[in-house]
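Please find one structure pasted underneath; my questions will follow.
Order as written gives the chain letters A, B, C and D; numbering starts at 1 within each chain.
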């Protein structure tokens, strides 16, 4: 099975490059199943139903989220009914939505899990304990398991990769919006990458207008952020899993769409 | 001029791969000048005179530091006299050592600056203001200026890259110990890379024994960290500057040394 | 000279208790000069011209601010012209408003300074260095100097108290919204108190509706905060300074206004 | 039942004032049961068996801990066998020691619980969820329940106070080392105080030599901290509970022991 995972999709530019390039990339890599992190899909913060459906229409099968999951409060109107949105599993019991779900791809089952890191980020339940609970639940369902670990600290993400090595198919980091150059298959067959990167405006600070972010750093005053313009990048990674759910390959992908 | 910048050298394994491979890499890329981040060179935390000299002997011309700069207090015995160690320039006035220095490479001058980020890291003076002061001082000295921005947050590093675009030759990130896949030349000629990565044990969490770090995350109890064993990686980047100090190319480098 | 310093005034309830009780308290303690921290005066976040004038009319001579200083962007319209608003002095050079100012009270001069802490709060310039610069500027102006140190960490506030002991008349903490029971005069004559406390809704979490804050902690989801209702408290402290600007006494004040 | 709760005991000075004054205070307030926070009892960081026994001999019945619980690793040798040490209950399952325990005081049962906050402190399990689990376990044991909530942020502590109002006898904050002036009984009978304060060197920064802490803030360089000398303070609070486990009164206590 070949899986495409697309890094944090930021605003309209992020959706635009999906619209123009996603199908082509899927064809090129013979993709069976596509996951995209959508926590920034709606104007940089959160997602709503319209934008979820827009992304789905471009060919995304499942959308994972992160610390921005609740930024658009309309998500509460549909997250409980929408099987294809996964929010961090280590929110406390009773949280709307689901932290993992199981999908069918050509008769094969695959589980997608979203986790949020706690280092340099707000307190949540322990992502390591959360994974133990989920692994117990999905034990007999399928060996194909993709984890989107949405975290800031490289240490926490690498630790999670090794912690889950041999127990899931892949641990893919998101949130920093910068693709890392460390994609590999760990000793026991888990594909790992500290961050898949960002899909959105390229000449920016993490997707945001760079001059506004610089102004914020220099002045320490409030600045209203806006999505940047110009060239657009797509950051993703392609996984190939064998029948046992082990990763055979992990290939980082970067494409661009030049501004008109 | 061709410059090699080596990402955070961690402990004995980091020094060992420098010993075995640095000269070869320098030859291969026709390197004129070599900088290495040495904040983790002495057993993972800090540096001392013996280890500074060891690294120098392997072919490192200048050592930059970071948040671990003072971890080995012996550094205070020699940092004021050693021209080739640069600590973050945004420590307050009166701090031992220097935040930048100028070097000669085949009759050409080059300035090396070290800065520390403040996002998710302890308070220091503003790195943007510090750069303004340094740029004023070095205005007439040379256009060849390499900045090692030692920071955690991708936003702060990208912002600094754009802030200095056209005013320095390169802004190279360090500290996260994971090489990023975003090396590029910005619009006005500054080479940029969010993180050059880590030079040390590969099957590890940032150089540290992975089982110890996992134990720490799972138990929240104190764990004595140790440098990991096994395969060693070298992460670096090669810059080429033109006569005007603009970057012509930036090429990430990753090599490995297999455990015996 | 007798000075009243009122802890963070929160929203309409905070202003209401000022309206009803401030003059009475001023009379009771023979107050010559009144300072209030107003960073939460406008609906809990920031201040605007109308509310600044409202507070002034109740008898406040000078308003100090804190991390919420810019929350109401209307402040930018008048802070540069308004002599009686002081924002943290350790914002970078070029920031609107002023970090200290000098006032006349019955022919006596008094300087009021506002500083922001950096521990557990966003990066700013060093408050200790900022104080050195201000002390140099005001050296020959007056010995009467009141510092509102707006900070989270008790360590940073106590350290500032001792650092300025004998060099200013008082170091009064704000920001935590809980009055501390450690008011005292330090060895060299500086009055000190880690936090003056909060002036606003009493049955609340720092002035905010308690059920909303509890919901936030339990769910980790976004919650729209609202000012609490019910009984109102006023937290303040009374300083008496001698002719040399040394503190003779510091007396914490707590009053209440029962809900109708 | 009358209970004395002593705020964080810091090092030898903290123990010395307990030795000289604890019995006297117990007599004066007719104390039946004494709890002390001991996370800083051994030279400022952690506790060991000898020092635990020393404090017990002075009249402390139960010792609660906090973020420094594991600083002296000898605690691991005896915490599992020692019924009278309580460490934060929101460490993950499997952590050595216990997060609560039940004691007998003149035929009356009392439960003592220790919790750690997560705001501005390292990640742990949720203290609110932990309390729900403990309250379910102790439901039929006794209505007398004392919670030491060891936290930094005033918001988290106040929220916990209101959250547990009517369900425990008292929520007493520790960790900031500064006594707060907000002791009260909440609407449903729970005694509350944001911080009980610190028992140790008075002319200090939280118990530490003030010049060393100032040096740390000014230089941002590593400084080896030492316990301060001179006058010693004891910070505590006295609770009176009725037969139903409701608080009848909460009285802050501050005493001093002058340096010879």
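By our rule, a contact is a pair of C-beta atoms (placed from the backbone, for glycine too) under 8 Å apart; a residue touches a chain by one contact, two chains touch by 3 or more.
These numbers come from a predicted model, not from an experiment.
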Contact-richer chain pair (by C-beta pairs counted) among B-C and C-D: C-D
From the options C-D, A-C or B-D, the pair that copies A-B, where over half of the contact pairs coincide: C-D
Chain B and chain C: spacing of chain centres that average the CA atoms, whole Å: 42
Inter-centroid spacing, chain D versus chain C (mean Cα positions, whole Å): 29
Chain D residues counted as touching two or more neighbouring chains: 92, 123, 126, 129, 218
Footprint of chain C on chain B - complex, ascending: 92, 118-119, 123, 125-126, 129
Touch list for chain B against partner chain D, complex: 70-71, 73, 91-92, 94-95, 122-124, 218-222
Complex contact set, residues of chain D against chain C: 120, 126, 128-129, 152-156, 158-160, 162-163, 176-182, 187, 194-195, 197, 203-206, 210, 213-214, 217-218, 252, 254
